[in-house]
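Two complexes come next, and they have one chain in common, chain A, joined by chain B in the first and chain C in the second.
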Partner chain A sequence: MSAPTTERTSRRLLASAVRHPAVVPVGAVILALLVGAAIVAAAGLDPVAAYVAVIEGAFDPRSLDYTVSVWAFICGMGLAAAIPLRMGEFNLGGNGQLVLGGLAAALVARVSPLPGPLTVLLALLAAAALAGAFGALSAPLATRLRIPIIISTLLLSPVAVAVVSFLVRYPLGEPGAAVAQTERLPDAAHLMSLPGLTYSNIGVIIIIAIMVAFYVVDSRTAVGFELRITGANRRFGTYAGIHTGRLAFGAMAAAGAAAGIVGAIIVMSPPYRLIDGALLSPGYTFAGLAAALLAGGRPALLPVTAALFAVLQVGGASMERSADVPRQLSDVLQGVVIIVLALRTVIDARRTGRAG
Partner chain B sequence: MTDAAVTLTGISKRYGAVVANDSVDLVLRRGSVHAVMGENGAGKSTLMSILFGLTEPDAGTIEVGGVERRFRGPADAIAAGLGMVHQHFRLFDSMSVAENVVYGAEPTRGALLDRRAAAERVRELSDRYGLGLDPDANVGRLSAGVRQRVEIVKALHREAEILILDEPSAVLTPDEVTSLFSVIRRAADAGTTVVLVTHKIQEVLAISDEVTVLRAGRVSGRFATAEVTGPQLIEAMTGRDVVPVSNAGARELGGIALSVDRATVVEQGITRLDDVSLTVRTGEIVGVAGVSGNGQHELVEAVLGAVALTSGTVEIAGTDVSSLDVRRRRLAGLAVIPEDRRGEGTAVTMTTAENITAGHHRSAPISGSGLAKGWLKRRAQREEATRLMADYDVRAESDQSLVGALSGGNAQKVVVARELSHGAPVLIAEQPTQGVDVGAIESIHTRLLEYRDAGRAVLLVSHEITELQALADRVVVLFAGRLVAEFSRAEATTARIGAAMTGGVTSGSGDAPEGRTA
Partner chain C sequence: MQVFELSFVAAVLLAATPVLYAALAGALSAQVGVFNIALEGQMLWGAFAAVAGSYITGSAWAGLLIAILTTALFSVILAVGSAAWKADPIIIAIGTNLLALGLTGFLMRVLFDVSGSFAPRGLQGLDKMSFLRDVPVIGDIFAGQTPLVPLAFVFVAAAGIWLKATSNGLRLRGVGEHPEASATLGVNVVAYKTWVTIVGGALCGMAGAQLSLGNVTVFTENMTAGRGWIAVAAVMLVAGRPLWLPVACLGFGAAEAFGFRLQGLGAPQQLTDAAPYAITLLVLVATRIPWTGSRAARRRTAEPANAVLEDK
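Let's turn to the complex of A and B:
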């Protein structure tokens, strides 16, 4: 074999390796970790110690229970992004859907005369319905008025957040409280706790069940097949007779319902109140979106990528304590991951644009 | 040649397995209008991307004004005196004409934009070339034709001596095309070299001085426009040697299976399909000829329901489907092999099994019935796929191979298998053999004839006259969105079809005007 031939073969191998679908997501994570390390080092701190602290913090037996609950919430919000992403749509309205779910649960809990489990079920259904309807609203806006779903979800979300914030502050607010919050929900609306655990309750099981359902629908049903076809090539879907508008309606309703259920679970967990801002401040929506993007919307990968962000988020706090690195580093890492993933879209578009 | 403004020699470019340009030579004479023509996918866009520095060639040289150049990007090409007006305009809608024109090469006074100089420059160029542009107008409010002139002035402002116009008439109304031509003429008279990229023959004949025709990445003809006829250009564009498949002729015609009545499609003010009526009977293949972009694709999409009819009706197997969606039209008895395999015919990132069963996934054997309705039987899906792949000779490693990894011919067989295997009474085949190898062409042609012989109706849209002659029992010709001619199998000579494709004939079976022979 002459040298040029071997060189060409190795270049071809390299080229096909670079095109492997796992390269970009894994590369994004590695790059993010390197950028994070560089920032920590530039601040004169020890990046290795920081990452060790993250891992130790997240997997500390005493807080593992908490890590699992954060993971579940990120999974839930990840579903809200991943379901539409499967058909190529971006749901950026997770925040609005999340708080509407919380609102619906709080309202149902307040008025429901039913015994415990039924009240919880009713609250979850109401949350799914209200948040699902809010999410689904973006589909006709896209099909009839040609407002892209990514835009309408992004712009409608703050409206819902503001409305819920107003309701919690005034009509539904606890009189005399220093914080804008509802009264403590009646006992019937408290989610069952799991034996021996403090943070993770039955809500974790519910979210896992929804993830399983998404996996089954995605891989085993006609609707899931249509979602994947539309995500792979929308024009092909149209030619094959898929009603993409109706599909978007269903996907956005399901996405909104998932976010709404997360909201309901948070409200029906300690401290059993809808508190203004408390649903949004942990940043589950953005972490879930990042996890969904990193998983490429694939149901089987979502729990894995969500675990990554859960570890960063929980471990970030202990990193702040023990390695003196601010926990905002977790947000920086999330941001870098998203930028790298977005770059791929741009590069793909360039590549196909040239092959004309 | 001493007066060559640009000389491209031996340009080659491949994308993976696709050879986009194969040793292309192109000489542009200074001050001439040079048309580069060819079908979609013939390599025009790649060649122009290379000339404008958007793509680097694998081999070949570019000489501008006798000096060899290597363009690392469009900036190099612009510096060498090239300008390009893209098919899709690159303008800022919210800014004025003058601001758009000078963007990137602004006249300045100190650190500030010299608005007066900018407006003056636009006025001067506008007057010189008879463009009638108002420098202060807001670009977002202008029509497509005027916006195109803004793009032209933008290039001229940067002292482009060689102006590339990529499919400039695609977005224009007929009147705007006329005024574009007078602008091109003036620019050429003033010494600018104009390259006109197009697949419309009538434009080439109307405006160009010289023509270079590309086919499958190679130069298939070089002509002085004054000495060439439309049919000769069509032959150069489409005259591929098709392995002859004998059409023994239709046995017995049945009832009308597809009926299109006075179909009109208007998109953004442009009439794409103009009052077209045609019928296809069972046991018949009706060919649709035309240079691409004359309404064929709109006809297909209007029948399928992917684009809405502005007026008119479509009937499939006796059902008026005009107001139905794609799915219900397919259920009514329609199958479609789309023109663009990667764009509409397949999802390249999905498996062969998924592609070959898509669209039939809601019926047996792939979908369950009764309580299991809506569930995919994955084993049945794979079995069905394996069966179809064997039947239609799709060569892939397995039914789980991604369609993007298959050759063009095999990917097309996936489409053909999916559309033919369900025996829909009406089949539309749009460019069914575009970009596939000779073996696959023969097999697809045989399948289409068998499909007809099984007592079904086929509407075959093709840019290849030879393909239509081989398969069609009757040929209709579309020109500028109108159905301008209809020929029986016996009448469908290359000369007649070619003349009608260039708009030369408006009525059916009469003798076509004799063109100069090729």
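Let's turn to the complex of A and C:
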């Protein structure tokens, strides 16, 4: 083989490697970690110690189980962002949908006379219905009134959060409690725990099942195909006879339902209460959004990207303890990953000379 | 009674001002065809930079300047990313909003060793226009406000006139209206988009500084609390007519000030907090509903619904 041919082959190999679908997310993560390290170093702290502490904290055998449950919640909220993202829409109202799910579960648990498994099922369905309806509200606002889903979800979300916060504080609040919370849910509404595990329970299995369902719908059904076509080119989708309005309605309902189920699972797990602010403070919504964006909405990639953010989140706490680096670094990294991901277009812009 | 009413006017203006600066930034971006939803994060960064700057230099006006410069710098990510590199401004903005939230919390811990909120003793707020104290009516409204409050309205008027009456303003509007035609006429489309977005960043820096050194004298984690999104909604509400921005923002200010009053009368804080968002959305819905015309005409206006979504 002559020298020029070798060169051409290697260049072609390189080109195909660069085009591999995993290159962009992996590259974005590496760049973001470097930026994060630079920020930590600029703050006079040790970036290597910080990242080592993150890994050690997240994979500590004693709390691995906890990391898994955080991963599942980020996957759930990732679904809430990924399903609409598949058709090019942004659901930024995950917080509102999450707390409404928690509220529905707490209400059903309170009044349901049914035995254990049925009460749990009813609570999950109620959560999916309420949060799904709330999410779907944004679809007609977009298709009929031209209010983008990204705006309506963001304006609706704080309203739902405030209403739930009010309900937990006053009508549903436990009398005499120091914090705003409901009474402990009756035993029938406690999610079954998995053998040998402390934190994660059957809720993890439920979320995995929903992810599998999304994968199947996305890759094997007509609806999934329509979703992807619309996401790739909305005008073509409309031209091909896809009812994008109906599709948006379904996608937003499914997204809201996924978020609602996450809320219900958290409420039906220890300490078995709906506590004001407890659903939102871990920041599952935006970790899920970041995971969904990094995965490009692809169902098969979502569990992987969610794992990354779960590690950052759980490890962030131990990083704060052992390396003295504030845990807000996890949020910084989420933001930087998304920015780097968005800015990948610089490569195309340079190559085709569109820049400048 | 009169004092009560004038103090309410003052409260409305105070609540409206930060949103008005941010909304002006958003409206200018909209004029050049950039859907700017990075206002929330930029305002939050501005609020932090203003407090940090004021604390470090001991001068609130230096804090304001630092807020303007660093927020403009922060907005370069969105400006260059969306204009020159043709990246999706929505995704960049989601990223910069998260980055601002994380970075302000991170720096608060690293630089000042506090979390939650930062209000060190001796932190200088922006000067109030107390020289107006003895002027009737005007004094009651403005004596307790920073000069940034009336300046916001001057800025909006100036921007409105500049867009309408100058040739650069016309070019700017052309860039948003028809970028290809503008480029054919020799207008540097990318430069217009970039610089307008950076000016927007500077305005968001002013919005943040007014919030953290004017309305109060403290920085709190996530203190913008959705005001940037209200500003985005205000931009949509006025639909390309910047001179109407003050009306939209004063409406928000009135909702917030009224909610605050109700809270004083015993209404639960959770519900009054939610009111501005609910009212903003309701107003947005009300202005988008085709109230008049025949059924067929209504259907015609409802039809290009997807066009807006495509524009993104």
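By our rule, the second predicted complex is superposed on the first by the 317 of 356 C-alpha atoms of A that agree within 3 Å, B and C clash if a C-alpha of one lies under 4 Å from a C-alpha of the other, contacts with A are read in each partner's own complex, and residues count from 1 in each chain.
Just so we're on the same page, a residue touches a chain if its C-beta (ideal position, glycine included) is under 8 Å from a C-beta of that chain, and two chains touch if they have at least 3 such contacts.
The shown structure was predicted, so the numbers you read here are calculated from the model rather than taken from an experiment.
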Fit or clash - chain C, chain B, common chain A: clash
First, second, both or neither for A:192, with chain B first and chain C second: neither
Which superposed partner A:238 touches (first chain B, second chain C, both, neither): both
Touched partner set for A:34, first chain B, second chain C, both or neither: neither
Touching partner for A:142 - first (chain B), second (chain C), both, neither: second
Chain B or chain C, by number of chain A residues touched: C
Partner chain(s) touched by A:169 [first = chain B, second = chain C, both, neither]: second
Partner chain(s) touched by A:225 [first = chain B, second = chain C, both, neither]: first
Contacts of A:159 with chain B and chain C, given as first, second, both or neither: second
Chain B versus chain C as contact partner of A:326, first or second or both or neither: second
Segment of chain B intruding into chain C (one of 25-33, 79-87, 259-267 or 277-285): 79-87
Those residues of chain A which chain B touches in one complex and chain C touches in the other: 235, 238, 354-356
Chain A-facing residues of chain B, complex: 15, 18, 20, 45-46, 49, 54-55, 304, 306, 325-331, 336, 338, 343-350, 354, 358-359, 361-362, 367, 374-376, 378
Footprint of chain C on chain A - complex, ascending: 39, 43-45, 88-90, 92, 141-148, 150-152, 154-156, 158-159, 161-163, 165-166, 169-170, 234-235, 238, 244-245, 286, 289-290, 293, 326, 328-339, 341-346, 348-349, 354-356
Touching residues on chain C, where the partner in the complex is chain A: 37, 77, 81, 84-88, 90-92, 94-103, 105-107, 109-110, 115, 190, 226, 229, 232-233, 236, 268, 270-271, 273-274, 277-278, 280-281, 284-285, 288-289, 302, 304-306, 308-310, 312
Contacting residues of chain A [partner chain B, same complex]: 219-226, 228-229, 232-233, 235-243, 354-356
